[in-house]
Amino acid sequence: MSSNISSLTLLRSLYQPQQAFAELAGSEPSARRIFLSYSLWLLLLPPVFALIGAANFGWRLGADQPLFMATGDLLTISIGYFLALLFGLFSTAIISRWMAKTYGASVSLGRHMALITMVGQPLAMASVAHLFPDVLVNVLVLIPATIWGMYLLYAGIPVALETPPERGMLMASALMAWLLVAAVSLLGISMSLWVLGVGPLLGV
Amino acid sequence: MQAADNKIYQDKIVIRLIQFSVVWAVIAIGAGVYIAAELVWPTIDFGQYWLSFGRLRPVHTNGVIFGFGVSALMATGFYSVQRTSHVPLFAPRLAWFVCYAWQLIVLLGALSLLAGWNTTKEYAELEWPFDIAIAIVWICFGVVFFGTIAQRKIKPIYISNWFYGALIIVIAMLHVVNSLALPVSIDKSYSAYAGAQDAVVQWWYGHNAVGFLLTGGFLGMVYYFLPKIAGRPIWSYRLSVVAFWAFVYAYIWAGPHHLHYNAIPEWVQSLGVIMSVILLAPSWATLVNGVMTVSTAWEKLRTDPALKFIVLSLAFYGLATFEGPMMAIRSVNVVSHFTDWTVGHVHSGALGWNAMITYGTFYFLVPRLAGRELHSTRLANIHFWLAFSGTMLYIIAMWAAGVSQGLLWLSIDGLGELSFDFKDIMASMTPYYLLRLIAGLVFLLGTVLMAYNLFMTLKGQRSVKVTPPAVDPAYGVNA
Amino acid sequence: MNGLTFHRKIEENTGLLIFGILFVSAIGGLVQLLPVLTQESLETASANTRPYSAVELTGRDIYMRENCVVCHSQQVRPLVAEVERYGPYSRAGEFVYDRPFLWGSKRTGPDLHRIGGKYSDDWHRLHLLDPRAVVPNSIMPAYPWLDERQASDTGDITNKLTVLRRLGHPYTDEQVANAEADLEGLTEMDALIVYLQMLGTGFSEEDAAMAGGAH
């Protein structure tokens, strides 16, 4: 029996996280419904903002001249960005559920999907900074969003997934390890792709 | 039951080493903050050679590695080797000599670095008189440590001792070989190796100093203190055996990844890549062992700050030991080499892994040694969030700076001309350096809070007298 | 189970454990270091590379004392953009007299391996005394004390050349005898600039062509 977690609940986690987590607790929502009605649209924001920003303003990695890329390349990168985010959401939710038994957490995939969506939501919203694709501006906006997301992870797991506090902390740290590894892998894979030719011209 | 000796564990020396370690942490991280500030405001050396970036930087690196790090390893090594052997330290007077002689080496070494005595070989900057002193003190350290093991009342040598043992043996080997030089005067020598050959020797040393001191030694800490806190044995004995030997074997080969696209033979570089990637396996096997050990005994855990630090340090250990092999791959290294990404990688390990596991272990140990509760759990929890956010801010700032530099340096336009001037690229790094400075300040603040907290806990207390407990005859030396 | 029974033996014997660790950890070093330390091409100077003169060596020792290597690399990589920015990529034969090597591991400032002859002596002097006078946004520290110290203050140059000769650098008796005199009247600043001006000049395109462009 699946209870419905509304999009409002997911949105509410931005400004009333404790209530949102409490609503999640005890529910068994449909992972597919949550993804199709909310997470999918949230994940579209960063690539779309990035595409608009890069096309209109060019990439600024620091020094004054912005880099403009061909529209084809930009589209490829945006699609790649979206696919990476999709992978990130699904893999984290699935890994989170895989860990659930070890930490005495709920095994409802829908709940994990909802929680991970909530954790990533601040970053997705903050990606509006991509509209002006200056690396520094993005770093300054995305760091507080990241820290807020980290807080949601540690605060959310014990309540939403109904674990005892100590186990919840352990589980959050384990997921943190996965997220760090995923982030740095993204960095490495992006570098490798850029060096291999997808992106601005590099003299290697 | 065998009767326990009437001797007690030598714990005063553990306390003393922890005190020194904490003092070095504050001084050396403080030096780090100062040089971070110099990268934003270069004139704050006020034209004084002893405040100059070039002279202060090795004071920072040597201070954190040899002052903070080694003192912590000696403290926890002495603590755990006694308890896993069920005997007090072998040759306690020699141990005290090691303790104080080491501090003297670090202090005088720092002063010599300010005076410009510098081999320029990273993490081996101290000149030849110090190299000799280090070798002597290190041998004494080995004698005390292995002497204690040799006199143990329990037959098997516990795994944490393998790691501390590997630290002692391998660092000795690396130090002796890499430091070979002909002296010219008390403050100057010329390396026995030159050019490309020196490069390969130096990074065999440099990478494995990280591997066996900053990784291996601290894994010894994990293998002792994690089961202690969790109240359960290590999750998988078999895994720890395989992981240990694979670790000792594989790490040594990875040095050349510091020299990709440099003037050394290709085959050496390629070996470095392969073994760096292979190294991921034993590194993560140990991580899994640690995580599973804690997970199976959650009901014994209290929400005390020590555990928070240790658990999070494992997450950063996972990051750093994953990022390393990744950066060793040529196509990533092309962008990352010579940039701040390397600095970010170093600090994700140094702050996220080394500092945090040490802080957690100190929060666990000091109350026990003092025989009273930690002075302030609230301060320790505040410290936790300061350390966590300081580390994250540092890493993100350096990732952004490093990737930008790397890509901008390589950027060419359609005609094959360079897109950017070097000086313009570096001028645009200032905001990231400012963020990194803030990160360092936050981390330093947390460290200072810890120093206060621990010293208040120790204040006025004599170290608790602990007698080695009797040994189950099934595991005794005569079994 | 046999493997673990064997391991039990090591675990119960201090000596075996010590030996085992030493043996296993030595392998990688032996395989990587021995061939490199005995490879002749890594010890053979390229055609225009010669031992540092008394003044150049003094300048290099100052470079080391001030730790310039922590911000400036001396290793141009064989990458298109790098060769474009700095010049021909660095070959092993150019570093055979570098004790120790100064390739560096960080570029806070630009690579210096091909800096020789690119800027005038006066430019270097101004830049070292106050980097921001020449490069407004520079974060490099200033080195005013170099002008206040004599080159001979850096150390006993005769002794230095003697030691290097013992390590195989082909100095003539004349060079050693004249070393001190060579430094007369020069400041540390002068010596450092002389060193910087000869960096990278030990390479010629003909060398690379003859060697087939390989290391």
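In this document, chain identifiers A, B and C correspond to the written order of the chains, with residue numbering beginning at 1 in each.
As a convention for this text, a residue touches a chain if its C-beta (ideal position, glycine included) is under 8 Å from a C-beta of that chain, and two chains touch if they have at least 3 such contacts.
Quick caveat, the model's predicted, so the values are computed rather than measured.
If each chain is reduced to the average of its C-alpha atoms, the one that sits nearest the average of all protein C-alpha atoms is B. In this structure, the chain pairs A-B and B-C differ in their number of contacting C-beta pairs, and the larger number is found at B-C.
As a whole-number value, the distance joining the C-alpha centres of chain A and chain C reads 46 Å.
Each chain gets a centre from the mean of its Cα atoms; for chain A and chain B, those two points are 32 Å apart. Separating the centre of chain B from that of chain C, both taken as means of CA atoms, is a distance of 27 Å. Contact of a single residue of chain C with at least two other chains is seen at positions 79-82, 84. Among the residues of chain B, those touching two or more other chains are numbered 334, 405, 410-412, 416, 418, 427. Contacts with at least two other chains are made by residues 202-204 of chain A. Those residues of chain B that touch chain C in the shared complex are 38-40, 42-43, 45, 47, 49, 52-55, 57-58, 116, 118-122, 146, 149-150, 155-157, 162, 165-166, 169-170, 173, 177, 182-185, 187-188, 190-202, 204, 212, 238, 241, 245, 248-253, 255-256, 258-259, 261-266, 268, 271, 275, 334, 337-339, 342-343, 405, 409-412, 416-418, 422-423, 426-427, 430, 433.
Contact residues on chain B toward chain A in their complex (touch as defined above): 287, 291, 294-295, 298, 301-303, 307-308, 311-312, 314-316, 318-319, 322-323, 326-327, 329, 331-332, 334-336, 388-389, 392-393, 396-397, 399-400, 403-408, 410-414, 416, 418-421, 424-425, 427-429, 431-432, 435.
Listing the residues of chain A that touch chain C in their complex gives 202-204. Across the interface of their complex, chain B is touched by residues 61-65, 67, 102-104, 135-136, 139-140, 143, 146-147, 150, 164-167, 169-170, 173-174, 176-177, 180-181, 184-185, 187-188, 191-192, 194-196, 200-204 of chain A.
On chain C, the positions that touch chain A within their shared complex are 79-82, 84.
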